[in-house]
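Two complexes are shown next, each including subunit A; its partner changes from subunit B in the first to subunit C in the second.
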Partner chain A sequence: MNAGLPVFLSISDIAESTGFGEQMRRFWTMSDPAVRTAVAGTILLGLTCGMLGCFVVLRRMSLLGDSLGHAVLPGVCAGFLVTQTKHIGWIFTGAVLSALLAAGVISLIHGRTRLKADAAMGLVLSGFYGLGVVMLTRLQRLPLGNQSGLNRFLFGQASAISAQELAIMAALAGLVFIVVLLTYKELAATCFDLEFATASGIPTRAIHYLLMLLVAIAIVISIQAVGIVLLSAMLIIPAATAHLLTDRLKVMIVLSMVFGAVSGVAGANLSFLKSSLPTGPFIVAVLLLFFVLAFLFSPRYGLFTRLYGRRVQRRQSLADRIIKALAESRSGTELTAADLAATLQVSQTEATAAINMLRHDELIEVAGTGFRLTPGGVEYADALRRNERLWKAFLEREGELAGQLFDPDTDDIERVLGAEMIRELEGGT
Partner chain B sequence: MNMPPLIPPFDFQTHVLGPWSSPEIAAGTFWTMATCSLVAICCGLLGCFLIVQGLALIGDAISHTVLLGIVVAFLLTGQFSGMAMLIGAGLTGIVTALLIEFIHRSSRIKQDAAIGIVFTSLFALGVILLNTMASHQHIDADCVLFGDLEFAMFDTTKIFGVAIPRSAVQLTLVTAVVASVIALFYKELLVSAFDPQLAAVLGLKPRLVRYGLMGLLSLAVVSSFQAVGAILVVAMMIAPPATAYLLTDRLPKMLLLTVVAGVISAIVGVHVAFWLNAATAGAMVCVACGLFTLAFLFSPRHGLAVGALRRFRRDDPPLADELSVSA
Partner chain C sequence: MIPQGEQGSADEGRPNLPDSSLGADRPLPLSVRSLTVSYDRKAVLWNVDLDVFAGRIVGVVGPNGAGKTTLIKAIMGLLPLQSGTILINGKPLKKQPGAIGYVPQRESVDWDFPVTVHDVVMMGTYGTLGLFRRPGRKQREICRRSLDQVHMSSYAHRQISNLSGGQQQRVFLARALAQEADLYLMDEPFAGVDAATEAAIIELLRTQRDTGRTILVIHHDLQSVADYFDDVLLLNRHVVAYGPVGDVFTVENLRTTYGGKLAVLPEHANGET
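Moving on, here comes the complex of A and B:
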């Protein structure tokens, strides 16, 4: 099946007959130099792409990264043509040039026609890729030596990175790091408020093209291990995952780099388990795992976390209403759970959940068939009533200004309104 | 090293008349061209609606994720054709669109990043399944990337005693479905494409129309898959409609021009591929992008060169006046 993904000098070739445990041991002991270069290479690309990806995602240029990723194919083929071998220097040069050309053509088409940006990107992406496919198939049908190795650029093969290529990758990654460190302030400013950045004298256009250049270099670092087709995942997914976890750019960059590097190594490991499995898809699968976890369980922005928070809040406000209802009926008979549910117009399960919470906090207690307030509960009910009274007075006095502060669910009215305001309101009522 | 030249010398006799020299060769050429034209027509017609709505990259995403649908359908049914695959692909397309919207709506991730995340992940899962589970395959990584037109041409079926490639039959059906859906729901599609708010006010359900479009698109993609591969489908979805969009302002004319541009790309592309001995799909895409470049430069209303010429003409008269005065 993988006729298209041959591996030369690959560690995986030897691995054909050995089992899973054996392969894992070989990978993690790193006795094999090929494993060491593969791991170092994937860490490098994970760090670089993770860092640049943050700027790309925050500036909403994710799909530009995808277009540039696909657009390097003709450059790779042209670089191959120069020496007719897989001389990595020429291939890298060709790839950077063709990515930059693609970026230029996209802004030309977008700027000079009425086509929308996405159509311009799609056009350039597929046009360059089509040209690349013609060149690639043409090369494959020429009676040359080992040109079929070009195919590994499509889905990536971390185990095929050579020591010499690793040195070039490290140099390029170092360059990207230094440039980002030097221009961090400008890059960060253009991420969040482009107009403000322009107004404060930052050359935003120059920064835009600088970022394009850096992304092109990151793409070049990654094509070996991730492949052209899935390159954009390396830029987008770690950064998006980190974006779900934090609001601070520096933290986001660090997290994104960690995700990138960890998935890179994990992907290399998985693809190493069986002969000639492509690396790129496995890296993306690991990235996806991180993303799904963050998407669901991020402390701040996770889907489940927010749903759970909303439920807790709803239960809390229901509990407050139960306390009020019990306080009002204190003179009469105790209320049962069913009574409470009926008075407050909620389902019995919801009422029971809130009642259990209150009993756990020892604010209410069982009395006969129903419930009544404990001494603590009475105090709490008084506090609730006081809050309500203060809010009412506040709203009457402050008119429309109040809209900004009004928060009747707060536990700590002193903090929200300030002690002085409370004193005034108390004096007034 | 005795190597043939990279770009072989062009010879009219060999490269243009060659593919038509004998009945057998001509039949092969004809069906290749017909298949490519059908791909261009059904993708292009749907592409028109994507382009005007700014959904081009969702089309791109779907063309990638359909691979997952195909592989899953194969694992469930054991075959790479027929209803199961069409249904699998159609569902994947709609699921892709829904997932993108879900991620974008229910988190702080922007739409462009959501598209990037969904399509790379689903595509990667498809490739992994293809590599690990679907062991005796008719499609492989190469086919995914640039299609396998040569193989598709051998896979024929007899209709009225004529051997017709299966994919050509399937594409004909899908193109017919696409064309008739566009004809039947023309008003809905038109209004939803250009003014979604108006469409909602008129009770035309623009969201439903959009998901319908995504489903149709998946059918077109999966049928074109074997001929041109996952990524080049995008080109046939975007390049001919973009060309037409630069030439006209009216949707019916745009649809017509898209078909014309698509068919020209197919016919010229097949010959170029024959000449260069390269992948047909890639050559077809290059021709389609060449046509776009022509429209970009010379479109009567929006062309770059035409605009420059017009500016030049406008500058012309004062200059002429000056000359006449000095003379």
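Moving on, here comes the complex of A and C:
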């Protein structure tokens, strides 16, 4: 990669001279208009990328986001060359055009040669980005090159967003938002099942190109603050995080937008604390933090949550089996922990853990060297037996009760079948 | 009886309708003329002619790689044609988007997609609803009815990955029903489905047929062909035979279709063993 970190402007210079607390205060009171612009800008781009990212990720086009993100560099440089100044209108135009050109080239290579999509995207990503870096190095040798601040397009600098640029960003973000609202149902249907959507008469090709265009716009909005190198993270990570947390597309979109906006602001804040720190890497760091948390602790799909849930479930079902074993041997001698572990074929530690749980719930008690059921435990054992009998009777008769739907793992039999059905089943057995 | 070989003229290949009263002047739900489809340079389907009559359940049978999936994708306009024409109700499909209902193979989608059963079935109504319009009460009603028909109403708000294979298949059927099309194309709807569900599905298809709908079903189990279908299309890269099950589903035709590799012949196939 190239020549040093971005050149920094106004705010960052001040940042160096003052302390951490002072900078925090300056950021969060937002008395400085530059801070307000930076915050508004990162919120806008976070919302836009978060929303579009969901469709990109669900359509399995993540790599496309990455390719288009890198492919804007030559356009940015060309936009600068045209005007010889940092005129944002031209730079934005150049970026959109070069992203769309890249999208076109990818479709062309993928459609007309035997190369697969990933190869086409890899080619375009490295090709366009390489060309962009060459142009950038040339530009820096020009007299205006250095003061152009073009470098910050690589890693992003939220504080460099001007009021005029913010207005353009807001207009573009608003446009994206409206278009997505209007075509939500087509976007969702196309992402879920492309062939079915096409067959049922949805203009999926047009929707595909529309999505590309929207992604190009989102990328352009983000270049200033996030930078080209890490752009795709802004599209992919919020959506991926949200996908781990919910089973509803609309909820996923909202969550993803929130993650995008929050990490945008947090990244802007962090980079504001010390000068010469670019914004993009900080935004991505915060995004990653969210992702790791979701990956580990998502209520349904988190790694820890699942492991923990399975352990609890295992212990519960072992406890039920212990109750049954004790109930069966009630007349005879008490069973020790070792006896129970042996009859149920589990390790002694597992058995002890379950026994402790049962003792805590006062379902079993110590008797001599072993354990026996408390009166509460006897009741519980009866309930277990009854439930088992009911499920069995129900499953045997499932043919004639086929209209009744249930899920033995999660449903409570009394609630599923209703009192009447249970009476009927008990009468029959 | 004489097995019908490859079709010469269009008339020869037509099955004899049991009651010819069914609108002779109405255009056919599906009419395919000299259709050739190729991937890369290799022709997968070659010179296929096919006339499907209204109110029939047509079984499409043939070995793996015979081009069955290719045929129905071509009919739906999902593949470029090398040659040939396809008319739906006498008109090209482009003029009447959404005229065909589709049940794809179950593996064709990502079941982890964040949608509920209800959302998926609702997507069946999107085609006719048109761009920019949101589904309303009418669409919800269609959706509810379709779910009822496949006995999946109680699962309406489940995420689709929490379903068994047979239930997923029924969701696809409900989505197709929500399309309210006259012609349905189904790609192996019985794959991985238990006997009870299979019976329920065929029953559903029959009630649909009795309301005048036409259904093309790709099917692999030769034992049940005679029982399930009115007409059968034996396909292996081209049309081996096509017509009413009783006429066409013969041992000899099956041998031609499967190239003599057929070890177990179905009990119900006509002709000497």
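Note that the second predicted complex is superposed on the first by the 370 of 429 C-alpha atoms of A that agree within 3 Å, B and C clash if a C-alpha of one lies under 4 Å from a C-alpha of the other, contacts with A are read in each partner's own complex, and residues count from 1 in each chain.
In this section, a contact is a pair of C-beta atoms (placed from the backbone, for glycine too) under 8 Å apart; a residue touches a chain by one contact, two chains touch by 3 or more.
Small disclaimer: the values here were computed from a predicted structure and weren't measured.
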Side-by-side fit of subunit B and subunit C on subunit A, or clash: fit
Partner chain(s) touched by A:243 [first = subunit B, second = subunit C, both, neither]: both
Vertex subunit A; arms to subunit B and subunit C (CA centroids, nearest 10 degrees): 90
Contacts of A:232 with subunit B and subunit C, given as first, second, both or neither: first
Subunit B versus subunit C as contact partner of A:221, first or second or both or neither: neither
Subunit B versus subunit C as contact partner of A:185, first or second or both or neither: second
Comparing the two partners subunit B and subunit C, which touches a greater set of residues in subunit A: B
Touched partner set for A:202, first subunit B, second subunit C, both or neither: second
Touched partner set for A:212, first subunit B, second subunit C, both or neither: neither
Partner chain in contact with A:121 - subunit B first, subunit C second, else both or neither: first
First (subunit B), second (subunit C), both or neither touched by A:193: second
Touched partner set for A:57, first subunit B, second subunit C, both or neither: first
Subunit B versus subunit C - smallest C-alpha distance in the overlay, whole Å: 7
Doubly contacted subunit A residues - partners subunit C and subunit B: 60, 243
Of subunit B, residues touching subunit A in the complex: 3-4, 6, 51, 54-57, 59-60, 103, 106-110, 112-113, 115-117, 120-121, 123-125, 127-128, 130-132, 135, 137, 140-142, 145-146, 231-232, 234-235, 237-239, 242, 245-246, 273, 276-279, 281-286, 288-289, 292, 296, 302, 304
Complex interface listing, subunit A residues touching subunit C: 58, 60, 182-183, 185-186, 188-189, 191-193, 195-203, 243, 246-249, 251-252, 399, 402-403, 405
Parts of subunit C lying in touch with subunit A, wherever the complex brings them together: 73, 76-78, 97-98, 100, 102, 104, 108-110, 113-116, 119-120, 123-124, 126-129, 131-132, 134-135, 151, 154-155, 159, 175, 179, 196
Subunit A residues touching subunit B - in the complex, by the definition given at the top: 1-5, 57, 60-63, 65-66, 70, 81, 109, 112-116, 118-119, 121-123, 125-127, 129-138, 141-144, 151, 154-155, 229-230, 232-233, 235-237, 239-240, 243-244, 274, 277-278, 280-282, 284-285, 287-288, 291, 295, 301, 303
